[in-house]
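The first chain written gets the first letter, and so on, giving A, B, C, D, E and F; residue counts start at 1 in each chain.
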Amino acid sequence: MAITKLAFIVRSLPYKTEASRLALTHAIASQTVEIYLEDGDNVEPVLCYIGDGVLNCLKNQQAGKHYGITSLEQHAKNSLLLDLKVMICKEDVDKFGLKEDQLVMDAEDIGGETNAQLVPYSEIQKVMEEVDHLQFF
Amino acid sequence: MKLGVLLSDHKTDSDVLGRLTAEKLGIILVGNGTYLATIKENGKASPILDKTSNLYVLVEDLESRGLSAANVDSRVKPVTYSDVVDLIFNDYEKIIWL
Amino acid sequence: MGKLTIGCFSSLVGSLSLDFAVKLSEAAVKKGHDVDLWVSSNATMLSKKGQKPFKDYSHLAKTLTELFASGKFKAVACEACAEARGYHKDDTMEGWGRRSMDWYLASAFSADRVLLIGGD
Amino acid sequence: MGKLTIGCFSSLVGSLSLDFAVKLSEAAVKKGHDVDLWVSSNATMLSKKGQKPFKDYSHLAKTLTELFASGKFKAVACEACAEARGYHKDDTMEGWGRRSMDWYLASAFSADRVLLIGGD
Amino acid sequence: MAITKLAFIVRSLPYKTEASRLALTHAIASQTVEIYLEDGDNVEPVLCYIGDGVLNCLKNQQAGKHYGITSLEQHAKNSLLLDLKVMICKEDVDKFGLKEDQLVMDAEDIGGETNAQLVPYSEIQKVMEEVDHLQFF
Amino acid sequence: MKLGVLLSDHKTDSDVLGRLTAEKLGIILVGNGTYLATIKENGKASPILDKTSNLYVLVEDLESRGLSAANVDSRVKPVTYSDVVDLIFNDYEKIIWL
């Protein structure tokens, strides 16, 4: 019985590369990883947005309307719906002049019960210390 | 020359864009360039917006990213793909993508 | 009415720059212009048939079919780029040509405007 | 001896990051470590058979074959990423698996080191 | 009878993307474009390196030895062997602390007779004004 | 933590690398990161080289670009792929790619 903690640190913008989208889809894939593992073993993902990466969390992304693809907003909601731990760096949100109500902080409209946390960078640094493996996207 | 620049990056490459000069210079913000029209870093608008008075931003790319035409810097004109075609054929002789 | 030649290197999936090239082509053709589209490097994969639509990925095959039907749109993929990626001639989507890079230059020769979209 | 899990998203051709992943795998296996390689996004194309060697492009098929033969190397490609690119199961190079993303996470569960190579 | 002048401006580093390699191979493809054109018609490429792009011109690139791929040095020589007009921005070469003898300035060893020119940026700006179409790689 | 950073980019992303802290931090310059070990812009070495005393550069990537181990900043130790494997397993617990 063991839990492996994996941090998914999103630092890149949405859409220009697939990196942030893949961070979210890989983190969400933790929901089905048990089929490969022994009873009681599991992975525990933590999703953190830093730097330019916080712009993945903007509301009202209309990538579906214009380009026919799922928005990063939708992926961000899905990660909350599935109760992933999500942290957004407050200093970076402030730097871009954004307010909390402009960001995807919950997935209530699709039945989610978990909220994202707006935290100082030092909290994200703590996560990086705690996890078993670190991945930057 | 009349030069239209499709700027798809949000990082300024001063070696390239900074040195470009043209009798008439237009900058059309597309892709990640659209952040330059809307997001102020540390309260400051991007210096790109001082480079010319012919500034445009592609609405489709703006909206895809959750940005809104309402928040676009007043110097930048929102345009559609259809408008970009007209800018390319009617307003500029040479077009580059950065 | 004019002729626009677009060259594009960007990834089929992820960059949206290739989507830009196709949507710009569509807008130009709608206004009566002629468009030549050259795809090289990672963009070459746009010309491969059998791309399965997924919600997470752009799917440009339908738009391309409409563009070919307009009679004002030509599209050609880089032959060597395709072969290097293990994608061979009989996998090419209908409407597309496969040529070497001189085709792009010949298209640029007679174009009113040339747009080269480099990078990923 | 340990286990290294590598995830890579980078382009088959051009970026050299995928070459890095393969050469690092090779160096690790030579030292007796086990390596799991997961390719997703544009890197998925590494697992396609029939890639023609060109002097301008990296050609990793030979190294991969040697790595598979070592018995200390597993490599799996993202299934959805492949299908979106029009590359189907019977085109997969020998030795490779095709799975969904949870395979990568399961590999990371038991890895001593994880290296995720994101970006293009 | 017409000549269309095309500028190929290389601003990106070698190897991380295919962009600079494709600039050179596309420019070199001008050698065979006549098969598509009427007698007397042709395209005339000019190849300019600016910014980070000047680092494509470094000598002793061992990409073949380590990665089994043609180096950008080899492509640069090929472009000179085929008598393409090649300009390298002097300010950028100076900025990186490079000397002319570190750069591919000729292709004498493979029988080339054309030299690259180390020129101030203003000369490259002139080329941009003169050509029919501009392409940045 | 003991953190090894494989730095593949030649542009410093201060938001990310600048803020990273670790009890033991190692930076291994690979890909375009190798320019940081050798090329001085306007005569100045990259500030990255001040970030830690555990600095490495991958010889294969250096030489591929026409750079030479002889010109590497004296603070940076040239290493091979084989050495990188040892650094990953013996010197650092977590490894990231930037």
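General remarks:
Following the convention adopted for this analysis, a contact is a pair of C-beta atoms (placed from the backbone, for glycine too) under 8 Å apart; a residue touches a chain by one contact, two chains touch by 3 or more.
Just so it is clear, the model here is predicted, and its values are computed rather than measured.
Number of steps on the shortest path from chain B to chain D, with steps defined by chain touch: 2. Considering every other chain in turn, the ones in contact with both chain A and chain D prove to be C, F.
Comparing chain pairs C-E and D-F by the number of C-beta pairs in contact, the larger count belongs to C-E.
Put simply, the chain farthest from chain D by mean CA position is B. Mostly identical positions are employed by chain C and chain D in their mutual contact, as over half of the interface residue numbers are shared between these two copies.
Between chain B and chain E the centroid-to-centroid distance comes to 28 Å (mean Cα coordinates, whole Å).
Distance between chain A and chain C, defined via averaged C-alpha coordinates, is recorded as 34 Å. Taking the mean of the C-alpha atoms as each chain's centre, chain B and chain F sit 35 Å apart. Among the residues of chain C, those in touch with two or more other chains are 11, 13-16, 41-42, 56-57, 113-114, 116, 118-120. Multi-chain contact residues, meaning those touching two or more other chains, occur in chain E at positions 15-18, 25, 52, 67, 133-136.
Annotation for chain F: residues touching 2 or more other chains are 8, 31, 60-61, 64, 94-97.
Chain pairs that touch one another, listed by label: A-B, A-C, A-D, A-F, B-C, B-E, C-D, C-E, D-E, D-F, E-F.
Taken together, the chain E residues at the contact with chain D in this complex read 15-18, 21, 25, 67-70.
If you check the complex, the residues on chain D that touch chain E are 11, 13-16, 19, 55-59, 120.
Within the complex formed with chain B, the chain A residues making contact are 13-16, 52, 55, 58-63, 65-67, 71, 73, 95-97. On the chain F side of its complex with chain E, the touching residues are 8, 10, 31-32, 35, 39-43, 60-61, 63-68.
Residues 2, 4, 16-17, 20, 23-24, 26-28, 30-31, 33, 112-119 of chain C are the ones touching chain B in the complex.
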